[in-house]
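In the two assemblies presented below, chain A is common to both, partnered first by chain B and then by chain C.
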Partner chain A sequence: MRVVFYSLIIISSLFCGEYAAVVSKDVRTEMLSKEYLKELYLKKRGFLNEQKAIPINLPSGNPIRAHFEKNVLDMDIDSLNEYWIEQHYKGKKPPFVQNSQESIRIFVKNMVGAVGYIEKSRVDNGLKIVYEF
Partner chain B sequence: MNFKVKATLLFLAASLIPYIIGMFYLLAKSQDEHFQSRQNELLFELEKVADRIDNNLKMIEKDFIFISKLEVMNDIVSFDLDRRISEILLAKKNDLELQGDYTATDLKNNAIASSNLKNIGKEFAGKYLFKQEITSSFTGQKIGDLILEYKLENLKSFLKSAEGSVIYLYDSKNNVTYFKTQEFEKSITLRKPLKLLNGMELVMMVDKDAMLNLFKDLRNVTIISLVGGFLLILAVSLYFAKKIITPITRLSKTAIDISDTGDYTKRVLVESKDEIGMLSAAFNNMIESIEDMLARLKKESENKIKLQEEKSKNEMLESLSKKLSRYLSPQIFDSIFLGRQDVKIESKRKKLTIFFSDIVNFTETTDRMESEDLTAILNYYLNEMNTIALKHGATIDKFIGDAIMAFFGDPDTKGVKEDACACVDMALEMMQKIDELKNHWLNSGISRPFKIRIGINTGFSTVGNFGSEERMDYTIIGGAINLASRIESFAEPNEIWISEETYLLVSDRYRCTEKGEIAVKGFLRSVKMYKVEGYKENDENTVWRREEKGFSITILPQEVNKDRLKNILKETLQKLE
Partner chain C sequence: MKKVFLVLFLFVFLFASEYEIGNGYEINKYITIGGYFSTEYEKTDSKESIGIDDIAFLLYGEIDPKINYLLEYEAAGYYTNDIKNDAIDTNSKFHIERAYMDYIYSDSMNIRAGKMITPIGYWNLMPINVLRDTTSNPRLSKEIYPKFITGININGYLPLEEGCKYAIFFQNNKDMDRGYNNFDTKEYMGGSVTKMLENSDVGFNIGEFENENDESKNRYFGVNYRYEKDWFEFLSEVIATEVLEKNKKRDAFYLQASKRFLYKHTFVGRYEYFNDRLYDDLSSKYIFGYNYRLIYPVSMKMEYQIDSNSQKNAFVASFSMLF
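After this line comes the complex of A and B, so read on.
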């Protein structure tokens, strides 16, 4: 399993820039830095250009989420868990989850301030790419 | 109607009437109470059903609110592409076995998710029971609604009721009833509004007949217990009536038995100590005393008969002796009948004073008379003489025709002197009586009155019963008697002559004149005789006596009223002049 997992990671890393973090096109923002995106997802930063930011995850175990966590958040699953347990006591919840990229796409489209990550190919007009990984 | 029946009826009336009244009162009261309590029970049952429904709805509502607050509801924003909300809603519906559906709508009232997949994508326009706003977990803004369509069929399972009743729903707003499965002719209706179903009422309809059927059982039980009670009371009444009556019956039977047979030895059995027992005991005592009394009466009557027999014997004896007494001198009679002297051949020697009297020329005087007249005159004379003799205590020995033989000194004696004096007294009184009798005789047609002569002698003679065993005579024999008889025969008419023996005894009391010594036949010596003139004159009590032809006077100083006598004598003198 582990071999498969790592090989997947290696394969995914080969296709760099395949995924994109997106927001609604109504959000007035430029491209975000990796750090900025990370802070949004760790809920260290709550606003995106004066707009309340709503980070959205794919369900855990999703390879895109794993890829996102590795490449954007730079944290493995254990340290993330540790982080969110700590945050739980501070009254902060981890970003809520949408089951599929499609759900994320529609959600982000409908909800101004929502930030999600999907395959670049799924990005349409209603969305704006703020980061690529 | 006999007493047993009466007593039984009395007991029955005394116990049955209050019993029946009590039973009916109890029945009526218990019916009322039962009815009321039954109604309360039904109401309670209805309330319980209503509570159950309310609780169920409350639980569903809580659950509903909980679902609306789930984070997954954020999927409304993404049109629930992954059907996560629908899955939860369907699971919940199945879990609650609910008829009706949960639906989540977006702000435009389009169904985003539903337990009924057919609703998804359509605008929701149905009726709902609960509606809850859904807010996003990230902005807190409303993103849609959660709606529960609730079918009333869900409540059907709660509307179970006992037989004879039905529970159904009534929508008072729309005047519609639901699930009314039965109708009753007569019914009682109970209502309870449901808290969470606005305008809905829970209604219970109870069949009155079925309810009253319950009382039928009660009535049957009452009737059975009435009949049972009646039989019990009847049995108890009969038992007690019998217990009371039996001794009375026994008593009356015994009484009738006794009156029929006259057997007073019979008794009543006394078993109890109550009033009837006391009555029986008293009856026994009465019968016992009657028995005693009868026995005593029997004895007494036997004694009485004996006495009567004895009495009649005695009376016979008495009349016999009375008759006899006429033939016997009273002294002899008394001494024999008082048992002083036995009737047996016996004699003794005693000094007696013997008296003889005789009517002078009786045969000549009475020759021309009829025997009836003669008997009457003689009997009258003898009776008078007898009376005088008895007065002086003489024992009359016998009447010999017109002659009287008597003696003094037996069986009673006062002493020889006193006997002699008594004899002379008697002789004097007899003489006086003859004077009185003269008038009587004159009236009887006897022109020449009787004259008597009396002879008295005192001397020893043999006195006693003489004769044979079959016929005895109490008499005296001896020379003294013969002498007395001789003296009497010597005496002049209307004179009392006494022997010297007698004279010596009485001379101190009587005036006597000597008549000289007279030779008496059968006696060797001549006998000196005296004539009694009267009582001695110096003696105040001396009888004064004078007699001439055609005249006689006797004065008894003890008896006479002197003044009256003087007057009579004066009158006599005047007549003579």
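After this line comes the complex of A and C, so read on.
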């Protein structure tokens, strides 16, 4: 019985992500699909429910950002650079950058509509998880 | 005024510490500036020319979280030297290519007003040299429908169908600046629907416009398909036009395949077909090309065109940059 219990914990930890995309608890939204989150970060979509969304990135080169881009956006750094160069012609800029997980946590908590990604262990009760990766 | 504008742009780019080529320079969230240029060499049986084909400046930004704007100012055929016929042609007159504002009401409704690219297919939406894999454009993108509209375009995601986008547009006035539009028209309306699939998308579009040059009314229906995976891309657009009252048809399509190697090298092949029964103009063309990108926003291309009229066979090369 104990073996089954620990096996389930190990299996669930393999399938649950270490990181979470979060919004303020005041945003009226449920869990997002990966595709929806991807479209928010590529600025193909701009709303969370009826709230204007503000996607926030960690700085380029940050390992959590690289993990997010690989696992959620399904794009490597070169593909993303090319994408934003093409969007420049269309008049769109990449998401804003905050320097640390802590500044993302504070910004998202206080700015309704902001979306960021941080380690799950940093999520507090002012935030709502909308995707895990 | 034009010189002041150019000097201002150069000054900003030279002294901008955070500037990255191809991404424009963001002065603040209200103003980003950028632009592009291309030079071109063309050799056929009857001519050999070299010149600056395009030079353009972009200005865009966000006035409010729901309101954006974009302005593009362009001089096409800036300088051309026809070496074979010993003739030089210049055009330093800049025209408004795009000037619009977006009001983003929701993901399902973005209202764009002003002068903009007609939202049709792929080629028309990405019309600048540096972002393409060939220097030349298919005839379909130049001679079937107006490349620009001055009017209203409502677009977004269809609310009840995931991964499906729509656009409807209409014009009932003169062009804001007729400089580089391929048709003179005051009346134009149409729409498109695009369904995104895994690694591909498919779109349908319809439209109707009045061509003021020959006073004909034209109605078209088109389909476009794209497949993209692992640096391979297949693009295709087909359009059938009916010239109303004259009971004549105009059809065109192209099929293009490209494959990128080692990030910087792209080989491309395209077949084009164009048949205008109003003016008895039937042509087809094979194009084989190579595109080298030292970095993504800098492109050097060459292509050879085999035309159904062999006198039009051509070698074309270009250098282009987005800044």
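Rule of thumb we're sticking to: the second predicted complex is superposed on the first by the 117 of 133 C-alpha atoms of A that agree within 3 Å, B and C clash if a C-alpha of one lies under 4 Å from a C-alpha of the other, contacts with A are read in each partner's own complex, and residues count from 1 in each chain.
Here is the rule we use: a residue touches a chain if its C-beta (ideal position, glycine included) is under 8 Å from a C-beta of that chain, and two chains touch if they have at least 3 such contacts.
Note that this is a predicted model, so its numbers are computed, not measured.
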Which superposed partner A:Gly91 touches (first chain B, second chain C, both, neither): second
Partner chain(s) touched by A:Ser100 [first = chain B, second = chain C, both, neither]: first
Which of chain B and chain C A:Lys52 touches, first, second, both or neither: both
More chain A residues in contact - chain B or chain C: C
Which of chain B and chain C A:Asn110 touches, first, second, both or neither: first
On chain A, positions contacted by chain B and by chain C: 52, 54
Contact set on chain A toward chain B in their complex: 52, 54, 96, 98-100, 102-104, 106-107, 110-111
Interface residues, chain C side, partner chain A - complex: 22-24, 26, 32, 34, 36, 58, 60, 65-66, 68-70, 104, 106-107, 126, 128, 131, 157, 163, 263, 296-297, 322
Residues of chain A defined as touching chain C within the complex: 35, 45-47, 50, 52, 54, 78, 81-82, 84-86, 88-91, 93
Chain B - residues contacting chain A, complex: 71, 74-75, 77-79, 81-82, 84, 137-139
